[in-house]
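You will see two complexes here that share chain A, one where it goes with chain B and one where it goes with chain C.
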Partner chain A sequence: MMSSRFSRRDFLKTAGTAMLPLLFPRQALGLESLLRNGKKPNVLVIVLDTLSAPHMSVYGYPRPTTPALEKFAERSIVYHSHYAAGNFTTPATASMLLGCEPWTHRAINLFGLARRDQVERNLFRRLGDSYHKIAFTQNMLAELLLRQFHADIDQHLPFTFSSRDLTTLGISQHLPNDSVASFYAFDDFLATRRENDGPLAGSPLLGLLDILRKERETVESDAYPLGTPFNNYYTYTNAETFQNILQVTEKARQGDKPYFGYFHLWTPHEPYRPRAEYLGKYKKDGYEPVAKPEHALTETNRAEKNLLRLRQTYDEYITDVDADLGLFLEALECSGALDDTYVIITSDHGQLFERGEHGHNTALLYEDVLRIPLIVSVPGRSDRVDVRTPTSSIDLLPTLVVRLLGQVDLAYPGIFLPGLGGIEDWDRSLFSMVAKDNSAFAPIKHASLCMIQGTKKLIHYAGYGEYDGKSELYDLADDPNEMKDHAAGDQATTARMRDELLTALEAANQEVAQSS
Partner chain B sequence: MLRVLTSRLPGRGEIGSVYAVILFFLFGWVTIIFFWKFPAWLYYANLGEVAIFYLYTAATEALEGLVYLAAILLLSAVLPASWFKDKFTVRGTIAALALPAWLLLVQYFIAYHEFGRGPAVLAATLISGGLAALWMWLSMKYIALERMARLLAERTPVFLYVYIPIAIISLTILLVRNLG
Partner chain C sequence: MNLRNRLPSFNQILSAYAVIAFMLFAWALLWFFWNIPSWTKFMTLGYLVATLSYPMAASFLESLTILALLLIPAMILPAAWFRDRFAARGAAVTLGLLGVIMLRDYLIVVDNFLLKPKPIFWLTLSLSTALLLFLAVKFQWMEKALTLLAERLTIFLYIFVPLSVISLLVILVRNITL
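So, the complex of A and B:
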């Protein structure tokens, strides 16, 4: 819902835009950022699924997991406190592409969809006809969202674009005009038994064909001792995927229009399958992460030793994909693409290896699952800029709109990213959440909610039985590992932040109730 | 050739009865699974969208039933008439139940018991095929068992008045959605 009041956020946005020509004389507003050939810059967004910023050496992680990105960062804007708006793909990706929090777009459930009346706010449509829009993802949760936005995407690459060996029937991809409904009917019900504890498929024949295909999901080889990378639907390799993206984007660069490309890869999501040269790289490197006490809402209840082993393989997998990403970025540089293309490296959410929890299908909202990378290479710039104020994945859309189109759109709650025309704002509140056990159409009552303001971080739990109403407060400047909960000691800050958080949630709940 | 083939097929009425049994099984099964999924879908889909999922379901099951029917008719054409064609209503009905049951059992052993393909097929064949063969054999000796199969074949065609229109409406709507 748009507020009729001109808020502090709106003021900062407008002020930031007014200052753009002063801050960036060459690349200020989109209209002024035309390149020498008279064309607007291209935009290439690479989303590496489940990439936790605290696990990347470019952000100070002790293991050298991302040497290629460290090199790339030397010519980029590096956001050190960039947060996902959700802790798994559906809400987080929807927030990035719709420019609003999950409590507004309501893509909050596993395999959920964005509110139908919010779809027209998507980034692809917002960019209009002046861009050739390309989209591809290897993550089915994100693919469902892209299918919702399909009419606004000029080149929606098939889900199996980089597939080596499809392990499901994937019927819905053959029905492009009705790919969302047919996904739920075929790929989620008639042909597939998705839940481990669920019943068999709805169709005996399609179910059998699908299950026989699934048996081939683990393809071990000398190159991939743990199996070829696999996204629950097909096997692939990162090298081939990047190669394919390179071909598509290079072709798009030659077109009449500039292109906007959104490429959402599965790696380094589970199953972690690094190549042989990276497997075991960190086995005895002496690194010992801080051991954290088990949380009451932990779902996987993993032993610390088990978490350490999983963390090690995850880190090795990040190193593996970083190598391929490095080659890809080098290829972009060699082709001159970095001179006419914004290259944005980010993720949808992170991954947890702490407090007994492994993964991101969790009620927990600690740094490792929320803090994601954001590294932006601006065409024509070769210096490094570090931005340390908190930013959110919802900021990407309004920032791109102002950078590429020269338009300020106050309908989106995000701010313009500092370094790209925005003003650093330490007082700004940003939100993340997980509410997958709520109906998307009803008020959100059962959720973990997070608010970050400067270096303060509040996590609030609602609707969790005995844990209902509990809050945790951390000071990330002094305690980046979130070990010391200040909620009891600093009740004033806790209450203030909780009130702001719950007021924002209530406003969103009311807006959804009114719209439905 | 066609005349030989058609001469080895049972009458339309018998074929219709067996198709009705197949659809009765398929629609029964899919309805159970549909309602298992229904509450989860309502978390993120409205009733209109869930209705579209059901249209896909109904259309698929009607077409899938034709595949099973074709397999049973092939059996009738290949086997000696005295084995199958002459007793098509009873034996076709038993086969109509055994075939989808076999497919589900194979999945069950693979999905829930981590059987390999071979053992899963063998176990499913032993159970589903064994029970079907036993039923066919015993139905020659015990009239009650034959009557049970015949009862199914005689009673289920009434459901065709529901299944067929639903399938036709579903297919029409889905064709429009996908071709439009």
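So, the complex of A and C:
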């Protein structure tokens, strides 16, 4: 039901929809001809896990990490300030697929789930019967969410689709009717262990079998000197994965209905395993990222030298992935798929190599872990559009709903992406957060929260002992590396943004309390 | 002699089974409860109960498998070697096998201690089991102690077996009707 209060955001959404015909010029011949024939375009979403936009040359990174995407960008809409709503897979992916912030859907913990009353808002269900919906992921955290949405997905490809050597038993995928509970029971408890971190395998015998299988993971080869790409459950190669996706999508294109395909790959998540021809590519290339002081909430406490080495391998792995992605995109073009398919390249979150931190499941919310790529190819469109206003991963769902179904859904807090029907709004506030240690059922009080408004970025820490209540304020236009904290110098902006952030959080906390 | 006569007595089997079941159920429950603080952050009580049903059922099936593996040599080997005093000898083998696997699992976590390479692990497993079995055969006090332990543990079967049956039903319902 539409709210009686018509907000500024709602106005922008409605205005954006009204302007759709004006915003799409005639050169979008593929889409125009599709619509003229009463056909809907296909949608192919490729999520590359842990791909940080600041590490991509298509966004200005000095290392030439993404030449193929640079080429693809020439015919696409490129979002330069696209932000993940969370800094690790569970909250970030749930936000993308549910179209709301983590404080609403509450998939905030590692291996966490979305609130039951939020599940029905998922993108697959929202697209209804007019689309053949395909989903696949190599990331178990995302797979858990897809299993929550399983009833709304027409073709939920197995987690092991496109796998090589299985290193775990993967029992839960054989119990499709109870795949979530059986995952926690078998794959997260009875038959597996997280070495150094516990817990133990709940079943000594299944755990023993699991140990025996795990050794396959370390296999190295001439092609992969650091080992074959590995997602903690099985080995795979990116080339094979893209080839398999191509086969599935080409088959789907021949179907009666248009398809919506969500393919969430593990790559370039650690362990970084570039092929031999990319390994060492950036060694001694002269690039020196800005050294940043260690943060009080850093969890990994890595030395700068160590971070530089990890960054180098990560960049090499991105370059490797980009090469395979480029071949995949070329194949799409050759098959004519780009004339009838939206191709969306994005990520769930980025990766940090700074302030002593390596990784993403951290209390820190700096640009490298939050800013992700979003590159959208519109069917038949051949020109490049650059969108520089901040956008969020929660915007994808309402944008697709309006583009594919022609419906405006004010129930979702996101906006229509500029360039795809929306209006550029520099005053809009975007939110990201991490609250992995907070109960999903309780008010969020232990979290790192981030608000972006225009070029201003506020990071606020709540519930971190001595760091509780501290805020950092950055101006991304002048200081993209977030080196100069203005929180003390610009107290008025800090207080205003913090108030808005905490008010939004409080509203979400109250909504969750009322609904439960 | 028919097959049934080659089996140990029901009470002996029950006592040996009690040792197997106790070790597996206690281990599963212990580490299940270890997980609970993190799971309760996002799992409802219903989900937690559903999740618990899997380890309970798995422990039950696993315990029956191990019992079957013990009964095979009891039937094949000369009675004096293993079938006689099955409760004590079965308990010795169970403690040796499961004990070493559990110890290994525990040491991995507390001390990142790895029994590598694999042959060393298998050797430790075999020697420990053989040693316990030898002690149970050679020394009467050991045999008595193991028999006593096995008999005492049968009380837990009144909890574990009904729990397993309920768990199997829960799993059946969730996987058929959902």
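The rule is short, and it goes like this: the second predicted complex is superposed on the first by the 496 of 516 C-alpha atoms of A that agree within 3 Å, B and C clash if a C-alpha of one lies under 4 Å from a C-alpha of the other, contacts with A are read in each partner's own complex, and residues count from 1 in each chain.
Keep this in mind: a contact is a pair of C-beta atoms (placed from the backbone, for glycine too) under 8 Å apart; a residue touches a chain by one contact, two chains touch by 3 or more.
All of these numbers come straight from a predicted model, not from anything done at the bench.
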Side-by-side fit of chain B and chain C on chain A, or clash: clash
Chain B versus chain C as contact partner of A:204, first or second or both or neither: both
First, second, both or neither for A:177, with chain B first and chain C second: both
Partner chain in contact with A:356 - chain B first, chain C second, else both or neither: neither
Touched partner set for A:54, first chain B, second chain C, both or neither: neither
Chain C-contacting residues of chain A that also contact chain B: 107-109, 111-113, 175, 177-178, 181-182, 184-186, 189-190, 193, 198-208, 438-441
Residue ranges of chain A in contact with chain C within the complex: 106-113, 175, 177-178, 180-182, 184-186, 189-190, 193, 195-196, 198-208, 437-441
Contact footprint of chain B on chain A as seen in their complex: 107-109, 111-113, 175, 177-178, 181-182, 184-186, 188-190, 193, 198-208, 211-212, 215, 438-441
Residues of chain B touching chain A in the complex: 26, 29-30, 32-34, 36-37, 41-46, 49, 52-53, 56-57, 60-61, 64, 67-68, 100, 103-104, 106-108, 110-111, 117, 174, 177-180
In the complex with chain A, residue positions of chain C that touch it: 24, 27-28, 31-32, 34-35, 38-43, 47, 50-55, 58-59, 62, 65-66, 98, 101-102, 105-106, 108-109, 112, 171, 174-176, 178
